[in-house]
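These are the structures in question, set out in turn.
Heads up, the next two complexes both have subunit A, just with different partners, subunit B and then subunit C.
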Partner chain A sequence: MNARILPYVLILPVTLFLCLFFLYPFVLVSKQAFSTGAGFTLDNFREVVSYWKFPISMQNTLLLAAAVVPVQLALALLMATMVNKMQKGRDIVLYIWTIPLGISDLAAGIIWLAIFEQSGFLNSMMSGLGIVDQPVNFLSYQHPGVVFLAIALAEIWRATAIMLVILVAGIGLIPKEYYEAAEVFGASPWKRFTRITLPMLRPSLQTALVLRVILAFEIFAVVAALGGTLFPVLMGETYAYQFDLLNSGAAAAMALIILGISIAFTLVILRVLRVPKGATI
Partner chain B sequence: MTLRLKIAGAVSGLAVLTTVTAAQADVLFWSTQAKPVEEAQAMREQVLAGAGDTVDYQPNDAGPWLTRLNAELQAGSGSIGVLGALHGDFSAMDPESLVDLDVLGVSASSDTFNSLAQLGTDKPQYIPWMQASYIMAANKQALEYLPEGADIDALTYDQLIEWAANVHEGTGSPKFGFPAGPKGLKHRFFQGYLYPSYTNGVVRTFASPEAVTAWEKFAELWEHTNPASTNFSFLQEQLLSGDAWIVFDHTSRLAQAFNERPDDFVAFPAPAGPKGRGFMPVIAGIAIPKTAPDMDAAKDLVKYMMAPETQIATLRATSFFPVVDVELPDDLPPSVQAAGAAVAKMSSAPDANPGLLPAGLGDKGGDFNRIFVDTFERIILARQPIEAVLEDQKTRLAAIMEETGAPCWAPDAPSEGACPVE
Partner chain C sequence: MARIEIKNVAKTFGAYQALHDINLTIEDQEFMVLLGASGCGKSTLLRIIAGLETATTGEVWIGGRRIDNLSPKDRGISMVFQNYAVFPHLSVFENIGFGLRMQKLPNDEVTRRVERTAGLMHIEQLLKRYSGELSGGQRQRVAVARALAMEPDVILMDEPLSNLDALLRMEMRAELKGVLAESKTTAIYVTHDQVEAMSMADRISVMHQGEIVQAASPIEVYRNPSAEFVAGFIGNPPMNFLPAKPADSGKWAVAGQMMDGPGGGSASLKFAIRPEDLRLADTGFKAVAKVVEPLGAHLLVTCEVDGQLFRAVLDSDLKVKPGEVLTLTPQPDRVRWFDPQTTLAVA
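Now for the complex of A and B:
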């Protein structure tokens, strides 16, 4: 087959699939968001934005992303470098670290709920050690900080692995010669990390961050399990509009707002971590 | 070879035919009720096994329930034969998509229920199927803390607060349990219990001075409420675990506690306020979507569900009470006996002030509930000033009432046109 057409033929099935199952529903959702039955309107957006919980859920979602993603990035970098240095048992460690990746986010939320609950593991441990007389209720409206911390912890535990996998693959691609040259010139391990690993890892970092940040804005099940209604987030409000209030228009508007935020952040990350032309490995 | 092929073809053809006929005989009962596994199993084995046709009982959450139903209605053809859901689920639907059921000749013994089931039309759109209510329950250990002179079957809100305070003081931890979790039915407490008891209304009196008192009283009660209540949705769990000693919830959400340890708990009527003992019934109904594949089989199933024996079997399976006149047998499960006695005391109390389920709100039922949930979250959890919150929420409530044009329902005084928020 003509070598010029071949790539397009090869991506045709995926393109068709995406058009049918992503673009078409997306067009339908946008239509729903911008109409209330009669013509084009912004009423749905006005309704969701003027609801008193909207600023709170927006703030919570952004705060959570701001707290979780940097920690995950640092952890994933640390773990990826460690894995890379290992001579023996590298695969085993990698498998174990990626176990949380195979657990659904709701299950992850429930696991952490079992720890933080009033009759959970943390409470039994603390009362067993004599630190508290009777079980403390951590996940209550009186301790919003603890609720936030529990959700952040569960998210870090659950979703660091996805960044780790991408970064491990990226580090494996960096040619050994750079490190050998740096060692000859007496560069310290830290210098090698900041001057070779990080810059060479840029494309992987870009992918990992884009993926993680988008997922962070879509956080839902972990919050639902640990915070219930105590910690409103954008996705939870979307669900409430669709299923509690049966208001698909407002739910579609919320979905588009989340999409807008995700696109904005993706563009920022792509711009900040851009790889100059011709500077690939 | 060809003969073999022919035989194989005939066999597979027969197999296809039999599966088709088998599928046709099945009536799909698509329900939002009796969701817990044990209840669903009891529905299948004890209630529906006696129906003429094979019934496929499939309970689901209200969201997915409605999504599939709407998909079938939009497609104009479907596999759902009979619908089972709460009054509120049906009232959110377009009555046009349900089959008129006056031809069946079955109905509930309560005229109020029957007129609610018309959903604003002049023919029944669903048939009242079973009923329940919300009651109070307590651990027997809490009884020694009852305030002096208080009768547990005729408590007032003040006595309840005092009782909860005594337990709090005596045990060192707040032991009142309230279903304020994400799936909890807290809004019904405000709509059917707190507001009627203090203001003799729900909509008209939403922001009245009496309503301010009601919220102040509830805030007092909240001082002695287990703060984990914001995670409680089925208080039978907290009764059994001991996290809560005095609780308010739906009868079927307390049933497990009474069935597992009948001697440890008591059920009693909801408390009374200055305007009487407000309480609210819950009605579930059965209906037939106009896309039902086998209309006759669906109608037979609806009739079967309304037969007195089926109603009693349903009571055993779900702890929901019959809506037709039946003689209740003596060997009912402990939860049914306890709840039945409490509901009977509540409705026959001299100061009873029964409210009705919100009606005429159409698909705004969820928004109406959200007004009360938001008011609770702002006043009680976020501690915002009561008057300001009520004034703010009042405009949203008024907007819903005007948009739907829903007239007032008891205990609000009747209105001409949309129920006004005063």
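Now for the complex of A and C:
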């Protein structure tokens, strides 16, 4: 076959797939969001933004992302560095650390519910140790901090590994000679991490952060399991518009707002962690 | 003063003994080349001096101070790596200044030293670039400048020119030698390239299977190899060897010829001569020419003497055809003798 058209032929199937199952539905959702039956309008956006739960769910979503993602990043970096230093058993440790990835987010939420609920493990332990006289209902409106903490913990437990695997692969690509050179020229282990590992890991950090931040804005099932209506988030509100209020125009508008936030953050991450021309490995 | 003393250094990797009991003294400001084939332990020895590898036993002293228990940065060394290890995410300026920044030197001092060493290596115009925008030769210059900017007592170089093309290598060889002589540092230079070793070194340590076979000046290593290995390793083409049987006292029978040789009562010896120390004459070895290679400056003739491979470097004006029988006579003062049992030179 002609070598000039071969690449296009090869990407044709996936292009068709993406058009049919991503681009087309996206166009449909956009149409729904920008219309109420009588042409182009921003009414749906006005409606969802002016609803009293919108600011609080936006704030909760951003707060949660701001609390969870940095912790996950630090943990993933620490774990990736540790795994990389291991001589033996590296793969088995990596497999164990990535187990939570295989569990659905709802199931993960339920596991942490089993810990925090009134008859859960945490209460049994605390009353067993005599710290409390009777079980406490942690996941109630009286303890918003605990609700937030439980959701954050569940998210960190569940989704750190996705960053870990990307960073492990990225660290493995950095040639050892750079570390030896840094050591000879007087860089301490911490300096080697900040001056060599981190800057040379930028492409992997980009991927890991973009993926993780987008997923953080889509948080839903873990919040539903642990917080219920106590902790409204954007995705939960979208669900409510679509299935409780049967207002698919408003749901579509919410979905586009989440998409907009995700794109904005992706651009910021790509910009901040960009690698200058000529500075690649 | 940076005299390096390596005392009884040995290194094992599991069951493999990479270095056997190395003893070597390198004088202040000396240019020492560790020469050997790959796997001979020369890089391991360099890395032990650098502190990137720990010796299993033994001590390393620099300038009268024991340093083998110190971390690399406290040893007063700097290093040029084989693949340069020029940090891709830093500009050339920051690469050269990397070690100085780690020492927390003030900004103007860093700038002064970076600009001075960049000038020495003729890369002043590249300071703002990244390594991805540099050629191999330019990266090499950055790596050397980075090592020099530290103003170290000792500079260690691990095959620094092996990734350059032949012409550039020759140019850098001369330049590096000049720059290092001027900087008055002690230098240890690892290479498998004997031309590099011969042309740059004050002294060469020829290494083989984890041991130093001979440590001497280039011309001494070339003229008076202490062992058969050195004789066969140094020189291109290497020395010729022929078995010798004792005849009268001080006389040895070599390929049907009587030669003056060492006394003593050895049962057999090996006669050795460099290919360029052979002349065409009326008497001498009968050599059957097998391959004739005109190399311009001279004529390399590979022949057979007494069933042994034998090479002669002759005048390029000579007409020699394969199959022709040549009569070759050795220059008497260039003949060397080796004991086949110990493989060592016999005087």
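General remarks:
Keep this in mind: the second predicted complex is superposed on the first by the 273 of 281 C-alpha atoms of A that agree within 3 Å, B and C clash if a C-alpha of one lies under 4 Å from a C-alpha of the other, contacts with A are read in each partner's own complex, and residues count from 1 in each chain.
We take it that a residue touches a chain if its C-beta (ideal position, glycine included) is under 8 Å from a C-beta of that chain, and two chains touch if they have at least 3 such contacts.
Predicted model only: the values in this text are computed from it and were never measured.
Once both complexes are superposed on subunit A, the partners subunit B and subunit C fit side by side without clashing.
Of the two partner chains placed around the shared chain by superposition, subunit C is the only one that A:182 touches, whereas subunit B remains out of contact. When the two structures are aligned on the shared chain, A:24 is found in touch with neither subunit B nor subunit C. Using the contact criterion defined above for the overlaid structures, shared-chain residue A:121 touches neither subunit B nor subunit C, since it reaches no partner.
By the document's definition of touching, of the two partners only subunit B reaches A:224; subunit C does not. In the superposition on chain A, A:275 makes contact with subunit C only, not with subunit B. Working from the superposition on chain A, the subunit A vertex angle toward subunit B and subunit C, CA centres, sits at 160° in steps of 10.
When the two structures are aligned on the shared chain, A:140 is found in touch with subunit B, with no touch to subunit C.
Shared-chain residue A:244: touches subunit B; no touch with subunit C. Superposition on chain A places subunit B within reach of subunit C only down to 52 Å, the least C-alpha distance between them. Overlap of the subunit B and subunit C interfaces on subunit A comprises no residues.
Residues of subunit A that touch subunit B in their complex: 52-53, 118-119, 134, 137, 139-142, 224, 228-230, 242-247.
Against subunit C, in their complex, subunit A makes its touches with residues 175, 177-178, 180-187, 191, 195-196, 199-200, 202, 275-281. On the subunit B side of its complex with subunit A, the touching residues are 61-63, 66, 92, 172-173, 181-182, 226-228, 230-231, 241, 243, 363, 366-367, 369-370, 374, 377-378, 381.
If you check the complex, the residues on subunit C that touch subunit A are 50-52, 71-73, 77-79, 81-83, 85, 87-90, 98-99, 102-103, 129-133, 146, 150.
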